[in-house]
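Below are the structure tokens for one structure; questions will follow.
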Amino acid sequence: MNRIRLGMVGGGRDAFIGAVHRIASRLDDRFELVAGCFASTAEKSRASGADLGLPDGRVYGDFTEMAQREARLKSGIEAVAIVTPNHVHYPAAREFLKRGIHVICDKPLTSTLADARKLVAAAGRSNAVFVLTHNYTGYPMIRQARAMVGDGALGKLRVVQVEYPQDWLTSALEETGQKQAGWRTDPARSGAGGSTGDIGTHAFNLVRFVTGLELESLAADLQSFVPGRRVDDNAHVLLRFKEGARGMLWSSQVAPGNENGLRLRVYGETGGLDWAQEEPNKLWFTPFGEATRLLTRAGPGAHAAAAAVSRIPAGHPEGYLEAFATLYGEAADQIHALRSGTIPEASALPSVRDGLEGVAFVDACVRSSKRNGAWVSLAT
Amino acid sequence: MNRIRLGMVGGGRDAFIGAVHRIASRLDDRFELVAGCFASTAEKSRASGADLGLPDGRVYGDFTEMAQREARLKSGIEAVAIVTPNHVHYPAAREFLKRGIHVICDKPLTSTLADARKLVAAAGRSNAVFVLTHNYTGYPMIRQARAMVGDGALGKLRVVQVEYPQDWLTSALEETGQKQAGWRTDPARSGAGGSTGDIGTHAFNLVRFVTGLELESLAADLQSFVPGRRVDDNAHVLLRFKEGARGMLWSSQVAPGNENGLRLRVYGETGGLDWAQEEPNKLWFTPFGEATRLLTRAGPGAHAAAAAVSRIPAGHPEGYLEAFATLYGEAADQIHALRSGTIPEASALPSVRDGLEGVAFVDACVRSSKRNGAWVSLAT
Amino acid sequence: MNRIRLGMVGGGRDAFIGAVHRIASRLDDRFELVAGCFASTAEKSRASGADLGLPDGRVYGDFTEMAQREARLKSGIEAVAIVTPNHVHYPAAREFLKRGIHVICDKPLTSTLADARKLVAAAGRSNAVFVLTHNYTGYPMIRQARAMVGDGALGKLRVVQVEYPQDWLTSALEETGQKQAGWRTDPARSGAGGSTGDIGTHAFNLVRFVTGLELESLAADLQSFVPGRRVDDNAHVLLRFKEGARGMLWSSQVAPGNENGLRLRVYGETGGLDWAQEEPNKLWFTPFGEATRLLTRAGPGAHAAAAAVSRIPAGHPEGYLEAFATLYGEAADQIHALRSGTIPEASALPSVRDGLEGVAFVDACVRSSKRNGAWVSLAT
Amino acid sequence: MNRIRLGMVGGGRDAFIGAVHRIASRLDDRFELVAGCFASTAEKSRASGADLGLPDGRVYGDFTEMAQREARLKSGIEAVAIVTPNHVHYPAAREFLKRGIHVICDKPLTSTLADARKLVAAAGRSNAVFVLTHNYTGYPMIRQARAMVGDGALGKLRVVQVEYPQDWLTSALEETGQKQAGWRTDPARSGAGGSTGDIGTHAFNLVRFVTGLELESLAADLQSFVPGRRVDDNAHVLLRFKEGARGMLWSSQVAPGNENGLRLRVYGETGGLDWAQEEPNKLWFTPFGEATRLLTRAGPGAHAAAAAVSRIPAGHPEGYLEAFATLYGEAADQIHALRSGTIPEASALPSVRDGLEGVAFVDACVRSSKRNGAWVSLAT
């Protein structure tokens, strides 16, 4: 079981998500980081590379150069993790995809809908694997929820409530020089959506992942509560699904007391499910007319779909990094399947198409809100 | 401290809310039930009266007869609790109000907006007290939340999330002969709103009570998920307040696993509050940038406004009936104040105007939903 | 359904538990307070009586006089609630019992084991009903737990964990003049036990009530952490039951962060139960090898034994006062049964024998602790 | 930052804790697994080695051979993780320690007190680092609790309540051939303690780690509830500390509904702390007389001691594997410090002395229980 040689674009010093990807790639021992373009100057990139123990020769200041050179190396990277601000996702991914290097890309897919469409096309032309790290889909109890919905445990779905409140942008953090806040509230780097792009896309993706419901249309009321902020920091969205179900989505970065409060509730004709990201090892299940059950990761009643992505016994909490690592593990499975000539099976992994949907979700929210909350469809 | 002589209209055998009003009226020993019109036939009414130990002579089969006769009795009732299905609220209240008998009326105020307006007028013409039992306003920690918002503990408000999910109408209970389900899903008796009328009005009132925010407009998407149901059983509502805050309101009676899940979250520039009806003795408060505090009824940090309506020490849970009783106690205070010639001070008690707003809320939800979720104002 | 005429001994101004008894007696409309000896001087007693709207002629400064006179009155009291400090329970109860007046007495039964034995004898000689208000036995989910254990839902019992932490005596409150703290830490008025007497007896009684297990012996380690305190404020107790089960009991009044944290967990060969007083409407049940169920008062899976003492629908929290009122309601049932000549059936109500056991529990804790935690039996 | 070359003894196919150690060693990229003796036969060991991608030449069937050969290799292992059943810890650790190879050993230290003492001596003679993986000490909020106690946030300590209930041995799992259950209930391999050894040692260590209190004596009541079981499966233990504090410790493997319920509560003169392993990112802190605070990992109020071992932002749950990895990271720090000639500073890492204390704790529990719960001291 050889490790896949991995490169990284972005993720230099002080970047939160780059470090997360590195841990996630390592946790199940399926990847080995061997190269990187960690920053936009060679010097900064080398400093980060040195921190990580990489030889200078494999550290780049330009992702195109990295793609070109690594593609020619005998032991060049086989896959690349793209963990830059959103506007770099497309140009970077394109360079690797066209050289057959597998791409594991952070979300949202791109900063613009046009880029997202181009990236879908680029991925379609490439025979490389493309994985979008909607990491919350890697939680075992989310896999369980998806499997239960698929098995009909809730009956026909009626109502979906999803919310993702945070509080870290309650004040104008972007004006203090904080790096994360800076690019995430800059439309040029982040895209037209603020909370909708950063966390709303996670929430929307989670609904799609668990329920399989197709969005018919949405109506959105976006706000930028913090004076001077250029993107939404709070979004109220109504959802209508093609199958008849209805939903609500709330994303906020100005809700004091909420750290990372992603929560999904799904109700059908015969039952309900409730899951919250901050207690990810629990899933509450109510068959209508019976007592609510507390299902736990690896506990009694755990579904095969949850067991498959669970590492340790019940009661020993797995967390965010493990869920993230599950996506890396499944990416490795896909890459190996492709290598071995077998056609990869349909997978639970978020794909470039899911990424396009996410960007279209942001676009639709912005369009609807500008039209005073009119119902609009996704322009995928 | 003499007890106020109380009559009741509605609340016969098997009626849930009548029994609640009787316990609430008795709990703090401010009222004594002495007469009633418990059902629409004299025979049924007498059976209920007998259960309650009332003499036949004070039990009526017609509320107008009751109002007339009691008004003439030397020791006739001073106040009446109206706990019938909604469409009876107006005609019954009118008869008592015009004879100077104080009215304690269950919510929603009426089944139609026209009736609500007439009842406001009738109350205005009467010198009797009119109290609407939006009982959740009686919870100590709701009083605390209101006081904290009023004191500026959250700063300028931005976001209000309120939800009220239940599951008891997940199936077509009204077709089984269940009495409650029968009238609550019958537009003629309940009004145009289903979940919006029965529980959405509570949710909306609670937002108003705690935050003081004035609704500018709302956009609603109502559904009747159960085949054949004539009123909404799920409502998704977006809220815009005149002060600039935005909100979401969800009411549902088809969400399996939710018993009586009223929950209110309020977020401002400097803090957040979170309260849930099923754990009413707790209020979660986060001053932005500090650790979340668990405030408890009668515990450290309890506000005077909470202490004033708290009966027993912290850790000894008060519940639904105590909150309800608080409204009765405050109604008694108002009645005594009026008696003693003092003008009753502005009170926390929900009034006939709040009732009109609630009926207007239902009306606005129905109008907006019919216009595909257009933004509409309350027609108060 | 005539109300039973009730008197009260103790419970004057500022006394916590007297007010609780009055509300509890009134809540289900089975009693009417008509007389009282609320304080140890006639003047103070009359002041409290006046607060409660009682005529001076029915307010006494001496409980013996009250017993004598009320027994002779045509409409004298039929029952008396004794809510004084512990050392008065026996002399007061004796006077009423010997005149055939039913006694509803607060816990612990007495301040000394000798008094407890004499009270058992006095109750045995009387044909009056004697009820001890171990109020936590009135919670619906405690009734459910008892019924489930009785039905064998847990199999043969193995382990019982009970705890009752509070924090109100963390500092030397008794030195500040606080009345409650004063008598509860005074051995002459409270008895030899501090936390063991005040709350340990509740915990022990709850174990007995729910499990039916008979204590074989206990080993106790008592502490008075607050300098100068004359009774225990923390107790660690090991329990051995005749049936082979083992247990732990912790009572504390010096555990900051705990308001009224009574919690009971029971484990048997095939299942476990978990209940906490501060969330009394919930009972967690785990059939071994299956997912944990959340059973709720009046929700799906509620046992007949819980339903029988439940007033309002699931999700509408009942609390401490309702549980207390349930004991009053059942006391009324016993009194009526006795009146009507029927022999009262075995009842769930805590009796004078349970009271003796509680005082013996305190005595055993004190004896064991003095003997360095030796195993001792109850000297009932 | 070169990775430390790591070997492993134990941890073959199907062993739970070996896989945990491997993930933990990899998570922060400080170690590289290069050799192992994964089973007691060369053939089985090679199969496990192959699973892990190790060359046959670095896989051994005998730990002494492994120690000898690796010590001579130029790039032989620098550290070894010992993850066998308990009785192998001492003989294995001895071989590596005497060759200067650092040891990271699972708990409890040994199966006998004699072995524990010999291992302390062996570690004392070696200049290698010895780390015992009491992994719960690696949780950030446990570090915070320890720092807060040390900073005096609770004042002088009075009461410590620790419990560690599980349910996996509720039935006679050891008779079904389940491997874990087999050796853990076999005194020859596990030691004299069952629940006391496997989880009681964790609980006891956590108390010591967080509070720093020194045990004066304990009194224990052990049970083997499952017929035929040769070690305790439930333990009730009273604790007395030299500083005057008192405590209770409960460990159980027969408590249905408990997965891995380690919980620690500490109470002092001015405050209390409450932490539960299944929600490890939360710590409840009550300064006496103020509202309880919810402190979160990396949230407002996080202590430097917590921040130092936290990887990702608040609200993104870290779990069991991250806490475990923290011990590996700190072991790496110690090894590097030793290498660089600097004397390693006093560390939070559990040491061989803590291990001896743990084995002495089991021994004391067994001795006390045999003497009917007499108070005994640790024979360290």
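By written order: A, B, C and D. Residues from 1 in each chain.
One rule holds for everything that comes next: contacts are C-beta pairs under 8 Å (C-beta built on N, C-alpha and C of every residue); 3 or more make two chains touch, one makes a residue touch a chain.
Keep in mind that what you see is a predicted model, and the values were worked out from it rather than measured.
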Can you list every chain that touches chain B and also touches chain C? A, D
Which chain pair is joined by more contacting C-beta pairs, A-D or A-C? A-D
Per Cα centroids, the chain farthest from chain D: B
So what's the Cα centroid distance for chain A and chain B, whole Å? 43
Between chain C and chain A, distance of the C-alpha-averaged centres to the nearest whole Å: 55
Please compute the C-alpha centroid of chain A, do the same for chain D, then give the distance between them in whole Å. 35
Counting only residues that touch at least two other chains, what does the list for chain C look like? 258, 285, 292, 296, 299
List of chain C residues in touch with chain D within their complex: 154, 158-159, 161, 163, 167, 170-171, 219, 221, 223, 225, 234, 236, 238, 240, 246-248, 250, 252, 254-258, 265, 267-272, 274, 284-288, 292, 372-373, 375
Can you name the residues of chain A that touch chain C in the complex? 285, 289-296, 299-301
Seen from chain A, its contact residues with chain D in the complex are 1-3, 16, 19-20, 22-23, 26-29, 51-53, 166, 168, 258-261, 277-281, 296, 299, 311-322
